[in-house]
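Two complexes are shown next, each including subunit A; its partner changes from subunit B in the first to subunit C in the second.
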Partner chain A sequence: MTNQKHQFDASPVLVEDMAPVLRLSLRVKPAHRASLGQALGLDLPTRVGARVAAGGTEALCLGPDEWLITAPEGTDLTTPARAVYADAPHSLVDISDREVTLRLSGPSVLDLLAACCPRDVAAIPVGSAARTVFDSATVVLWRDGPTDFRMDIWRSFAPHVRALLAQVQEEFVAGL
Partner chain B sequence: MSRYRIPGKGRVDHSAPVSFTFDGKTYGGLRGDTVASALLAHGVHLMGRSFKYHRPRGAVTAGSEEPNALIGTSRGAGQFEPNTRATVQELRAGLVTESQNKWPNLSFDVGAVNDRAYMLFSAGFYYKTFMWPKSFWDKVYEPVIRGAAGLGKSPTEPDPDRYASRYLHTDVLIVGAGPAGIAAALAAAQSGADVTLVDENPEMGGSLLSDPAVQIDGKPAWDWVDAQLARLRAAGVRLMTRTTAIGYYHQNMVGLCQRLTDHLDNPPKGAPRERMWRVRAGQVVLAQGALEKPLVFDGNDRPGVMLAGAAQTYLHKYGVKVGDNPAIVTSHDSAWYAAFDLADNGARVAAIIDTRDVVRPDLLDGARKRGIEALTSHTVTTTRGRLRVKSVRVAPVRGTHVGTGRSIPCDCLLMSGGWTPSLHLFSHTKGSLAWDTTSQTFLPDRKTEECEIAGAGRGLWGYESVLADGAAAGLRALQGLGRAGHDASFTVANDRPGTGVSHTELPTDGNAGKARAFIDFQNDVTAKDIRLAVREGMRSIEHVKRYTTNGMATDQGKMSNINGLMIAADALGKAPPQVGLTTFRPPYTPTSFGAFCGYLRGDTFQLTRKTPIDPWAEANGAVFEPVAQWRRAWYFPKPGEDMHAAVLRECKATRASLGIFDASTLGKIEVAGPDAVEFMNRMYTNPWTKLQPGRCRYGLLLGEDGFIRDDGVIGRLSSDLFHVTTTTGGAARVLTMMEDYLQTEWPELDVWLTSTTEQWATVALNGPNALKMLKPLVEGVDWEDFPHMSCAECTVAGLPARLFRLSFTGEIGFEVNVPARHGLTLWTALMEAGKPYDICPYGTETMHVLRAEKGYIIVGQDTDGTVTPADAGLEWAIGKAKKDFVGKRSLSRPDIVAKGRKQLVGLLTEDGSLLQEGAQIVLDPNQPKPMKMVGHVTSSYQSTMGHPIAMAVIEGGFDKMGETVFVPMPDGVRKARITSTVFYDPSNERLKA
Partner chain C sequence: MLLIHCPYCEDTLPELEFTYAGEAHIARPADPSAFSDEEWRDFLFIRTNARGPHYERWRHIGCGRFFNALRDTVSDRFLMTYKAGEARPTLTQEAAE
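Entry: the complex of A and B
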């Protein structure tokens, strides 16, 4: 009688902790976007939500003058950025420990996110990302595949988000 | 086999018996039954008692609009629910149900004495009766009224069920899966649009499930429904049953409540009982159909009197004859079909009584063929029977003259007063309604949202026109999305078109003043109550409603509003649209609190933030207190200690040697860029230009009004980098305020703000041994050049750190910031290294006491948004030479520089007792009340100095040093002396290493 677009299999969704990465918040005025990009070895995207990656470094545009940069731990991006500071003033702040990252994947991941995220998560294109909320926590949601997401959560908000995710996962197990 | 069940008939599963209990008696029903249909199959019509008169009542509908058949249902402890509609609750194995509002039992109820005294309980009864004497209200009237109020028993135990939530974004949401809704879905699902079709019933099909003889495109109705649902499923349309659209909100947001387990014998573990969907739809199609209106006549509420359409539904969907010998009274064609269907299934129809003079010949033919007596131009004047209708009195009507009546025996009476389009959701959008004179009903008019209304919901009747209208609405919705689609048409055989007329009360030859002709069954409102309300001066329909309570029951007047309006309009001598309609409000049907709460209960009721060091505090017996969204260690009691003892021990240990404190919740903002110092100068009152890198300063932040907003110690790490700290609760607010100024006032500045609150875990060390203990753990600090108010990037215990030398206690103090992941490691290392110094972990209470002893303020405790720097004794923190900063101009406003402002001072009680925070202060305790209050206590603690200390804001306090004030408290007036706020080490000797 009911035919919701739910696919229930043995593990409809996986929630995993991800290893820490280097995470930097870059703020720079549009005029100096290009030189910062050059220094970091990336063409910083200008559309909010767009991502680019080069080498191990990835940049996500979060606002007209705001980018989130990730790279493997130990990567030194501060020195090359500092080299252009005089001509391209900016702020590059280490926020590696501010957030923790969960990987959410599996066929029911869109339903999992839709439990507490008012945004149209299905409409986030694969390969882009969005800053949004999950219940009352601000999160950055990276869509790496059709059913593959990363969620950056401010550290102290993570237990609440995890507790909610666990409740929703139990719904999937119950099949309702 | 139940007496009234027709073998093999209906959509119930005759091979799947389900048993349940009603008022302790066990009944057998079938899978697919509702409680009402199963009881009716046993000939049980009596299902409840009415609210006011305790009149015996039976199911009058077969749907969610049911006003009478309200029951309590239960699955187990905490899972009792009152006021469930028996017409909606599906049978499940072991379901326990009970009737309501009766004592000692349903067939003999003492409260029914109210019914005999009905002349007393007229409209406005409460207003008239309980007016006098006034003193009776609190002690007599209100308790009595409250005792009698409320329908059903409130559950008393916590609800063990889970409730879920889900957001949904869909191109087209269609509400109602009857013929119009299905046709709309077929049209909308054409070009790949994402379509969602919802229906409150367990099965889709709407009225077609009660009209199986209808044929659409050559297929019997039920086959057609099955085929279309299969098509929709194949097209990827989301089909949701047992899902009620409860409210229609701004920008096409529709709330849906989906019932998931109430119909299941054994719900799976962890399954939510209900799920609230918040749907954002590109287009909404409302295809909710129409609700049948009762006719208004004396005795129209007796068990066995029900809507004709409901009888038809019980017959076709559930295979239940509601009686062997039904009589029909109607003003609409539709009831004739109900009569025919019942006759064709073995009922002996006593008569069809139609109020109209002229009835379609084919209907008269149909009656003749079946040997049914058809009485046109007739009225029903009353019914008889105690717990079940036994006969109906009918009389011919000519003009306004009612002729001689006669009694017709029957075992049920099926009525139809026509159909009211269901416009509840449309009205939630503030869409306007227009009165349609032909159909005597309100129809949707001006829309405010992207929505279409289709089918019987906009007054259409007959399947062919409803299907075509649904398809057209679906297509318009599709076009509204900028997509294209094709027209659709349907050919319908055995269609059941119909029209009718609308009535106020039916004409009667009896005493109209004594007629118990009910309009609102649940609230026991009769036609004469409405007329009385109008006679007593109510003109607006809103006043009539409140005076009579018409439409104010849990069914929100789904059946009563239009009849009430017609009668009120008649009494007022106005046209119905001039009298107007009351406002429909969400939810459409009663909705559980659980569904609204969703996940926000228990541990996930509200977000609780915890620091990286919280696990240590928990393991070491901390008592916690909430601070903003955080939970913070309040104090660490040792066995046998109360809060006072623990805090005093923590305070003394810190003053004597060394204390350690988790300060991670402090807000932190990285202010970076070439213009950082300029920005700081503009935001904070203090001068920053001359602050050298490697040094800190106490910063004071004002609002534009000159009042203190926040404070904190700020370190300059390099010429263009500041590490700003804020209060725990102010972190987000301060960042937002700064960002606001930066973006709207000073976009030219090259400076950027980043919240680093959670990047760093912060541990504070305080005490005369703090430096000694810390020194060996630190690398990268030149201790020769690291006096009080210094900062450095270095390592502490091998961890990368930002080290601040500052004090919020008056002792030598440090704050060590390390990346959050290392917070617990740092804490453990410091605890270990502090052992030789008897290091003492302390909580927020000790922090408060120690800072109060030094007169350090807490923004939000000692300030309340009306305190200036001068009021708080913080004028030293203002950069007098600065051209401007946020709030500067306000500091010279006349009222800010006026004498007599409340100023922050210290208080010491004469008798050494503790004052209450928040206590008011007076200068003369013997003055008459109300006394002139000159201020209040902001902080008050037991201190390490052997006597309590307090801080207070007092008018002109700085000029009253040494004077005595009085603090009235519950147990007597305290005398207190005004002092400086610095109680401890006023010369700051202890800060110098």
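Entry: the complex of A and C
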């Protein structure tokens, strides 16, 4: 995949493709959360939307028994997880290629997201994340700064989301 | 926009993040092979079709969880939501008003 930067002239929001990362979907019962987190070197958060990072690895709590783990490509997390499988049964699935990630940054990024997300994006705390919908496409929004977001989009929905982002940006430029 | 409280996220979020999933508290048959055709018909198709407070299932896209809600089918007001697996709460007078 190419990492092409889209610099729209006079655009208030910068939309960038991010480099591929390792993405893992982890499902484990709450009773085994702590021991599995220990094996992965992460204290898996329990509050939905909370994130924790250690080294280059980051875990996001998506649901009561569901976590999304990202790490640099080539990181081996399956071997330590497999070692504790007998004591902490779980499902750890590589979903790296299921999604593409866009970085959205700029002063008007909240307006851009508000155009297509029904959720109050401004209320997402900095340093947390949320799985939500972007014009009916399920996306994961990571808020890294007040006006700095990452958005994981399912690959097949990406053209639709990109087209909408471009359209809303055009409206911003036109002053609508 | 209609706002729904998710008992797992403990947050009140817009309706577009949720999906309706039918009536709640319909127990699967313990011994399906012993079911007669009439019992199967009732289990599969016969519903309360309530006018007023209705116990129903919803799914939240954010946390991927099914939960139960008590919604008034006349006013579309959500009287309460509670986690799946919890006992059916009784409708109190305050909630109904």
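Quick note on the criterion: the second predicted complex is superposed on the first by the 165 of 176 C-alpha atoms of A that agree within 3 Å, B and C clash if a C-alpha of one lies under 4 Å from a C-alpha of the other, contacts with A are read in each partner's own complex, and residues count from 1 in each chain.
Everything below uses one rule, namely that contacts are C-beta pairs under 8 Å (C-beta built on N, C-alpha and C of every residue); 3 or more make two chains touch, one makes a residue touch a chain.
This structure is a prediction, so every number in the text was calculated from the model and none was measured.
In the superposed model, A:Pro118 makes contact with both subunit B and subunit C. Look at A:Gly49: by the touch rule set out above, it reaches subunit C but stays clear of subunit B. In the superposed model, A:Leu62 makes contact with subunit C only, not with subunit B. Judged by the touch definition given at the top, the superposed model places A:Val173 against subunit B, while subunit C stays out of reach. Of the two partner chains placed around the shared chain by superposition, subunit B is the only one that A:Asp94 touches, whereas subunit C remains out of contact. By the document's definition of touching, of the two partners only subunit B reaches A:Leu164; subunit C does not.
When the shared chain is aligned, subunit B comes close enough to touch A:Lys29, but subunit C does not. In the superposition on chain A, the chain among subunit B and subunit C reaching more residues of subunit A is B. Residues 118-119, 136 of subunit A touch subunit B in one complex and subunit C in the other. Chain contact summary for the complex, subunit C toward subunit A: residues 1, 8-11, 13-17, 61-65.
By the touch criterion given at the top, residues 1-5, 20, 25, 27-29, 65, 89-99, 111, 114-120, 122-123, 135-137, 154-157, 159-160, 163-164, 167-168, 170-171, 173-176 of subunit A touch subunit B in their complex.
Interface residues of subunit B, counted against subunit A in their complex, comprise 162, 164-169, 202-204, 233, 236, 238-242, 260-261, 267-272, 278, 280, 599-600, 603-604, 606-612, 630, 670, 672-674, 750-752, 754-760, 819-821. Of all residues in subunit A, only 48-49, 62-64, 66, 118-119, 130-133, 136, 138 touch subunit C in the complex they form.
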